[in-house]
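Per-chain numbering from 1; labels A, B and C assigned in written order.
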Amino acid sequence: MLELKGVVAGYGGGDVLKGVDLVVEAGTITCIIGPNGAGKSTVLKVISGLLRPRRGKVLFEGEDISGWPPARVISRGIVQVAQDRSLFPQMTVRENVRLGGYTLRDRSLVERRLAEVEELFPIVRERAHDRAGNLSGGQQKLVEFARGLMLDPKVVLLDEPSMGLDPRTMRTVFESIRTMHAAGRTVLLVEQNARSGLNAAHRGVVMENGVVRLVAPAHDVLAHPEIGELYLGGATRPA
Amino acid sequence: MAMRGIPGTVRGWGAWAATAAVASLLLGGGAVGAARVRHASQPPIIIGLSSSLTGDFSADGKANVQGYRLWAAYVNAHGGLLGRKVVLKILNDNSDPSQVITDYQSLINQYHANLLFGPFSTLLNPPAASVARRYGYMLIEGNGGGPSVFAQHNAYLFDVSSPTQNQLVAFAQWLTSLPKSERPKTAAYATYQDPFTQPQIDLCRKMLQAAGIKTVSYQVFPDETTDFTPIALKIVHSKAQVVVVGSLINLAAAMVNTFRQQHYNPEVLSFTAGPDQGSQWLQVVGGAKMTEGIMVEISWTPFLDTYQNALLDHLYTSTYGGSPESMSSDVAETFSVGQVLQQAVEATHSINNATLRAYIENPHHVFQTVQGPVHYIAGGWGQSSAPAYIGQWQNGKLVFVYPPFISKGAKPEFPKPNWP
Amino acid sequence: MSFILYAIMIGILDGGIYALMACGLTLVFGVMEVINVAQGSLVILGAYMSYVLASTLHLNLYLGLLITMPATFLLGMAIEWAFLRRLRVDRIALSILVTYGVSLAIEGGLGMIFGDTYVALPAPSGTFTLFGYATPDIKLYVFLMACAFLAGLYVLLYRTTFGAALRATVQNRTAAQLIGINVERISTLTFALGAALAAAGGMAFGATRSFHPGSAEDLISRLLVIIVLGGFGSLGGALVGALLFLVVEDMVSVLISPIWGPVVFFAGLILILLVRPQGLFGQLEARRQ
């Protein structure tokens, strides 16, 4: 349903992506792994419209969406949750989540979605009136997920959701990823913490130096001797 | 000289002004060359000068050159000096003190100037005068009257204009000349903290105190001050009978408005600048009624009834266009330089620097200039007696009321009538 | 004593005007990471526009804002589109250069049209008594007007979707883009809004003192100081910063000497910045992306 064809993109002088070909199947959780600087996050930015590809195409449900501004990509049902902390720290949790529905014209729909999202992520209701900046890292990540779901997206792009989280919180976060997927959404996830990411995913994508090296079922990637040695061997962090 | 630089616009348009200055230099140069001189057989008199055609002072530097040019063109149209044509050799110092030194050395050694005129500003005249002294030349100038110029103790320098510091001397003389029974007893002073106005205020204060006028308020404030209400209120509070302000027009207007609102009407209200600016002043204070009786100290305006001042107005407008009001006082100051030189040359029948210097420095020799009669003060290191005049708004007009030779019977309105 | 109270009140009245002039500066920085050095020139431009309308059409100063504010709003959009949108890297530093150029152009243009002469807006000459001192009515009127604009701005920022989008852009530009906020549009509108508010501030400024094209120079340094004190990007900071600046300056100049007004203020500013480098209401965290 989501397809990248020969995408070249970068910032300033150099190209970070040097011809990326990738297909994300509908209804799957796909996890991109790879070393630092491989271009994992850049792939997400090209899809969400934060970065215009220099060459190549991004196709979604057969439509060429390459170079669309983020607002337009969102309207097609693709939502990205940014790396690191991306809440508006001075606003309350509820304001943050409500802003997730910024592009919706129908105010009553926003309130309905808010209720649904609060159901899925109880923290949104519990801490509704707290400033988002006062929440812990893991709590903020969950609120970010909640905000992303306000548009009831078809595809969720997650940029290193486990970054900076302790193991317990990380487990909650990955459970939430499965919850999102259970509702029929396609999830494309970038993970530095490759083992946890692949454990949660159906398909694994290995990137290196701006190109896709390998696409395979997640457990195959986990079991792949060479990959294991390269990216998973050292990464024996608890998952 | 420009009392205070007007920030911003001058700098912003400096490059344009410089271009215009260079263009006028080229055009003007042609005009001088083409001037008809009857005694063409004799070699011309070369007068060398350097001016700030570019750099920080370019706007004033242009005016500096205009005054010299107008004088030279006028003299050449009337037979030259001692029958010889006057040629101005003008170099550009880029507003730079070290360039000024090079310029004057070149004028003497390379261009063999017979006489020297001064550049623009208190900053550039001292180095120019040092070069002149080394070669035995005198330097007559009109655009550098700050205390540092005379502190050089250079006997070869003559400033034809009123020393900056003396702007309020006539004002103080008038007040102290009042009979003791009428003379006010208290005075308030306020001034920008800058090298021009503050020494004027301080000298005035010293003179008034010596005459028994007590200082009840003295305020110095920074250049960038834009909110003058507290300063004005302190003066109101002092209930001073005399108020003297070292000002710009916006400050003067703010003072007038605040005083009026507070129903505070000093017997004498005087500014170093602001009320001299005609229609602009009337606009910012809200009409002629508001300014009745207010005084301002002026060293020169195109309306002053002084020697050849009307002629200068005519020369200026016919050469550069515009109205006399558009003429910078820099122009009158350098025109005065030419007048002093001409009168000295004609009196001595000489262009010898030593002869001329001896004649000019004699305090008994009075020269007539567009700025008024001047002589050089013994031991003043080039300070002239050029006066500053007291102007006062009377019935919607700015009238010169002091010293008596310029006032033609007009008397200072004292005490100042109450606000309307 | 009443004199000191009066000095404080005058500081507050003038502070309101400065807050109005400074609020655009702080919003623009917050949203765009642009230090708009042209804010002072936009204020003076607004003052001159009011001057032209009042002296040629004899239009009431407040009604004149119905023309000057939309006009400067459009000018602000044009400046943003023509110069600032193109700055992709090193925005803060480059924006200073670019807006400085804009400032010089405005100042030069005003100088060509109006000359370097001081003018004042025709203001009613009535006074009211405050702690025993006659105070021009106009000072109170423009203060109230400034308060009304600031209150309106507050409502816009905190009670409307546009305001929420603007605040979101201030707090996290990337996240704002990712929820579908068109941050370029927000930037254009913010810059234009800042310019329109500058025009209103210009009317208030010009009605209470005389001005000339070069007045922009003194103004911008004071506005920047206010924003530094209040915290870049903070509307409340601009208000509190402006009031503090003017009150401290006026009090010191009455109690000690006008020379010490700015000195005492800057000494205080440095102390505050040592404790809170982000200014009184600034948010360092807010700018993480």
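Things worth noting here:
As a working rule, a contact is a pair of C-beta atoms (placed from the backbone, for glycine too) under 8 Å apart; a residue touches a chain by one contact, two chains touch by 3 or more.
Model, not experiment: these values are computed from the prediction.
Interchain contacts link the chains end to end along an open line, per the touch definition above. Closest to the protein's overall CA centre, chain by chain, comes C.
The pair of chains sharing the greatest count of C-beta contacts is B-C. The geometric centre of chain B is 38 Å away from that of chain C, both derived from CA atoms. Between chain A and chain B, the centres computed from C-alpha atoms are 74 Å apart.
On chain A, the positions that touch chain C within their shared complex are 12, 48-50, 69-71, 74-75, 79-82, 84-91, 95, 99-100, 102-103, 133, 147, 151. Those residues of chain C that touch chain A in the complex are listed here as 89, 161, 164-165, 167-168, 171-172, 174-182, 283, 285-286, 288. Taken together, the chain B residues at the contact with chain C in this complex read 6-10, 12-13, 193, 219-222, 224-231, 233-234, 237, 249-250, 253-254, 257, 261-263, 277, 280, 283-284, 286.
By the touch rule above, chain C contacts chain B in their complex via residues 3, 6-7, 10, 14, 104, 107-108, 111, 116-120, 122, 125, 127, 133-136, 209-219, 221-222, 246, 249-250, 253-254, 257-259, 261-262.
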